[in-house]
């Protein structure tokens, strides 16, 4: 195994090994568990850093192992995967910290953190897989390792949410499996790096490829929560807040969106996809999802549910960017993969803090919460403004590129969709901000806890502040060479390059 | 000379150990331990010989077929021996702690008879896998069936004894049908050797009837719908290590003979319609078994019905491996699936046994609260084994389904694809049902009686083996290539 | 070579098999089923022996004879086992027929009334 | 004439078979079954299969019948529901079964009768190799030389049967018949040694003429059953260790012979040239002991335990299911 391959394996193992070790820890060995968790997260981040620097210097990374006859297990690091890997590794660190604070004194922590680590391993694996079957493998591992997190609380509601989650995602997985086998039958093993494998057969197998594209979208669209496959997402809200953060911002939904990016760019290739006329329907579906999610969000009183429908809507921005032909829209979609992640995780951290500190679960209970918890609310506000797309916060950058890309591609109707969506975003976020900052707090909070000198546990406070700062930085410093935007431009240049 | 020792230890070591364990009951566990060692070494040597020198044939008595009986180790046989050895050894370790004479006199009785019966079963399996003589296979089938029945009856409760008796009746009548087929085949071809039959078998009504009789008997023994009715009560009521052996290995014995008959002895006599009939029954089993599993109230019955469903997949091999393309792919897919199911199901029964035992024998699924915190390792093993049953990557179940799906698409038989996928989803449903119940909070940490770590870890080891078997699939497929039936490899171009 | 009409014997063999199979499916009493299996076995043996006698050699083919002797020994073992197992089932259920599947899959009912006997019996 | 004999014989056989399975009274059915076995043995003789006829008469008819009868008696004695009269009702409608089986019968007849031109079988090959096989009875040559491996596994089946029976339940000793049949004892004193001698003779003659370990074992097994009926040997059975050795010695010797021949000749059960007869006789002698003990103890229907020793039958339900009650 080459050193390059070892690095990739190391990135996977840095969460897998601690995860497995944590399973077998006694419930009371709190210190050891925390240490392992943080150690794994930090090591992973460092390794990802090394990877990014090396790739930037032009080294290529890949690893293949024998897996199925004629079909290896393959890992690799291209620009697309780095984008997702960096996001996941970075947010993983903060989510871990948050989860440690959030779950203090609750039961079954070894089990929880074990699966938590497996979940991130799967996500990183999704990012690093270099062919479809490897992708499928980690995609399914992700499903399986998330389930215990969703049903962690062991309540009846959690069970129902978990079963629904499993039903949706495994059905999607089965459809994806069918698509993967089928395309393998058609083309042989499909590795992501080799572009244009499809060009030769586009005309001869037109219908088959269109059908396959549909299957891929059905399979992956479940995790990306495309309407009408989104039904599991709001129900999965029963999970503890760090899990929601993970599901929405880091792992599951993102893996879905990333998968769509992979299929369109690295399996079909934009040109072949455009020749097959499959992008237009995808764009329409994404637009429908954007509007539908926003409208549903408008009517949710439960904070986490509102955020969940917001996710349904926002993730489709990424899909939309992918589905519109042209580099600018691509940049918008890819950069939103990062931006949506950091914004949404900030929002969920905020929601978790309200619930954990004050017992607030509903929007209607949030009056004056900004005075009781100014730091959390500030972070929450930044996230919300980003979602609406207020300049100069990160969300603005994505929407701007999407808008421009749509116009360049001659799809003006998309601009309308984006405008409507922004209005709707404002309509469901601004009232929250108004309540939080400008209404007077009630005499008693539903269930208040005190945590010494800070407004809440420091482990709950630091993560949202860090991610909120990032939301601002990503927007303000968008033109700097290391920003997500710069990276997205690089990928778009490759995709549409000579 | 080189391979004779391996053949002898494979079959005679467990047989001798069983006899000694009967004479000296106190030595049972040590004899079993020694047998596992001897069989493992013999297996390793046999594998080496096979990979270096190709198919190994031993002429017992020095006569050779047709007058004598041949033993043969080809890729398929060694593949099956691998599974048998691994699971046999694991179950042996598990049983060391499962039956404990110090706990109660009843368990002492069970322990005393478990070892000889277990060792006899083991030698019957090895003998079955190595034999190329269809009459000799009849004797091994009976040896296997009797020991299986008696191991079930060891449980001693009413349900177990009733199930054992029913199984005995079914098994005996199926064997007689098989024997009748053998009689016709012998008359027609003047040999009972599989290899010679391949050259001597001529199409015609008598042989068709003979094959139908033998297949019918074997189908019932391998619990294919509609001959499955005996399986769930038998497998669910046996002691845990026995359930593991039955589901993982015993039902596969008769399936293995079917493979030998259909693809080796009589490939020219099999019509596509017959293959499709078996495939159709297999598909029905996949769906029907899974639906039944889904609605069971008892954990072990759920697992047993899951066996009915999973065995159905194996029969998809018959139409697919007779298709015009992708024959070897289907063949290897079915067999990798078999191997993975064996490990996964053994792990599942062992871990279910742990859970049930810790609950003092209660195994209602509705009462599994707190399973994940009280028996974390067993729950984990159950879940991992479940992944393989569902067919999630990188499990062996995935590899097997992948190959079957490839073969199905290559042969243009898309309907089997649908069956495989729907079956996977149903499997997910019943596995999830158990795990979801297991994740509910225990009201009070019940009066759990702790299990020996050896029992927990044996189950986990098998589950890990099943869940990671995808990575072994290339090696396993290469192994299956050695001496694979000629019909599987199309003359022009190799297997895909 | 003594003359005999093998067709008669073959038909008789087929008849024994069919009668045995019929009784096996139609009757539920343990002993009848065990008898049925034995009759079926005799039918199979008759087919084998008839064929061996039909061969053209100076003596009948000894291979099927050996097979049948093996088969007879296997059958008596099977009979012995089945009888004892049947007696056990009768002792536990008080019935001489296999009960319905549904009944057998519910095992919990059997436990309470057997637990004390168990100790009684097993104590040396 | 012979044709007529065959026809009558076979018609009676089929009718007896039907009767034995469908007679309203199980006891009569079982008696019919024993008679059936004897007639089938006659048929074997007609088909020039004297070895099989011997085995059938001793094992297939005699011992099987004895086993079933004694089980029937025990079951009736125990029975809360005495065996119900005939036609207790099956799971599948009888007409359907009837139609299906008729079809099966026709198929079987069709297939079997169509085997008009068959190959020669293995007679010539078997005879050609007979001088090297160490025995002159071709059936014994097949059983203990050509296909000795089958026989090895068959001896394993016998051991398995006894292990199984012992694992299932404790023996119910047959009631003491000595008092009700005063003449039995003197009779047994003559019959038993004769049977044992006959068994040894049948074993010995088996190398050249019809006979062999199984037939001899069956005779000796019959003697064993008579001994048990006569109330002998209960004390002997107390030595359970010796009993177990006797039950397993056949298999042990066979395995030892397999390993020994493998070491000597390189192939399992390939006897050293010129000594095949000796090896075969040694294996057969050990097998005979085990077969006799196994058949006799199968009749006992359970493991002989000290608890039951000397005392009359333990007729309660408890006593009969004892050992199998573990969990």
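Going by the order they are written in, the chains are A, B, C and D; count residues from 1 in each one.
Quick note on the criterion: contacts are C-beta pairs under 8 Å (C-beta built on N, C-alpha and C of every residue); 3 or more make two chains touch, one makes a residue touch a chain.
Just so you know, these numbers come straight off a predicted model, no measurement behind them.
Asker: Name the most central chain, where centre means the mean of Cα atoms.
Answerer: B
Asker: Centre to centre, using CA atoms, which chain is the farthest one from subunit C?
Answerer: When every chain centre is compared against subunit C, the largest gap points to A.
Asker: Where the centres are mean C-alpha positions, what is the separation of subunit B from subunit C, in Å?
Answerer: For subunit B versus subunit C, the centre distance works out to 25 Å.
Asker: Using Cα averages as centroids, what's the distance between subunit A and subunit D in whole Å?
Answerer: Distance between chain centres, rounded to whole Å: 73 Å.
Asker: Take the average of all CA coordinates in subunit A, do the same for subunit B, and state the distance between these two points in whole angstrom.
Answerer: A distance of 42 Å separates the two centres.
Asker: Provide the C-alpha centroid distance between subunit B and subunit D, rounded to the nearest whole angstrom.
Answerer: That pair's centroid distance is 31 Å.
Asker: Of all the residues in subunit D, which ones touch at least 2 other chains?
Answerer: 108, 112, 115, 118, 120-122, 126, 146-147, 150, 154, 157, 160-161, 164, 168, 323-327
Asker: Scan subunit B for residues touching two or more other chains and write them down.
Answerer: If we look for residues of subunit B contacting two or more partner chains, we find 67, 104, 106, 109, 135, 139, 142, 146, 149-150, 153, 156-157, 161, 180, 184, 186-187, 361.
Asker: Where in subunit C do residues touch two or more of the other chains?
Answerer: 17, 21, 30, 47, 51, 63-64, 67, 70, 74, 77-78, 81, 85-86, 88, 92, 111, 114, 118, 122, 124, in rising order.
Asker: Sort out which chains touch which and give me every pair.
Answerer: Between chains, contact exists in these pairs: A-B, B-C, B-D, C-D.
Asker: Can you name the residues of subunit B that touch subunit C in the complex?
Answerer: Of all residues in subunit B, those touching subunit C are 67, 104-106, 108-109, 135, 139, 142, 146, 149-150, 153, 156-166, 168-169, 172-173, 176, 179-180, 183-184, 186-187, 229, 232-233, 236-237, 298, 301, 361-362.
Asker: Which of the residues in subunit D end up touching subunit B in this complex?
Answerer: Of all residues in subunit D, those touching subunit B are 107-108, 110-112, 114-115, 118-122, 125-126, 129, 145-150, 153-154, 156-157, 159-161, 163-164, 166-168, 241, 244-245, 247-248, 251-252, 255, 258-259, 262, 265-271, 323-327.
Asker: Would you tell me which residues of subunit B are touching subunit A in their complex?
Answerer: 329, 332, 372-373, 376, 380, 387, 390, 392-394, 398-399, 401-403, 405-406, 409-410, 417, 421, 424-425, 428-429, 432, 435-436, 439-441, 470-471, 473-475, 477, 496
Asker: Per the contact definition, I'd like the list of subunit B residues that touch subunit D in the complex.
Answerer: The touching residues are 1, 4-5, 7-8, 12, 15-16, 18-19, 22-23, 58-63, 66-69, 104, 106-107, 109-110, 112-113, 116-117, 120, 123-124, 127, 135-136, 139-140, 142-143, 146-147, 149-150, 153-157, 161, 180, 184, 186-191, 200, 204-206, 208-210, 361.
Asker: Quick check on the complex: what are the subunit A residues that touch subunit B?
Answerer: So the residues of subunit A in touch with subunit B come to 23, 65-70, 73, 107-108, 111, 133, 136-137, 140-141, 143-144, 147-148, 151-152, 154, 159, 162-163, 166-167, 170-171, 173-175, 177-178, 181-182, 184-185.
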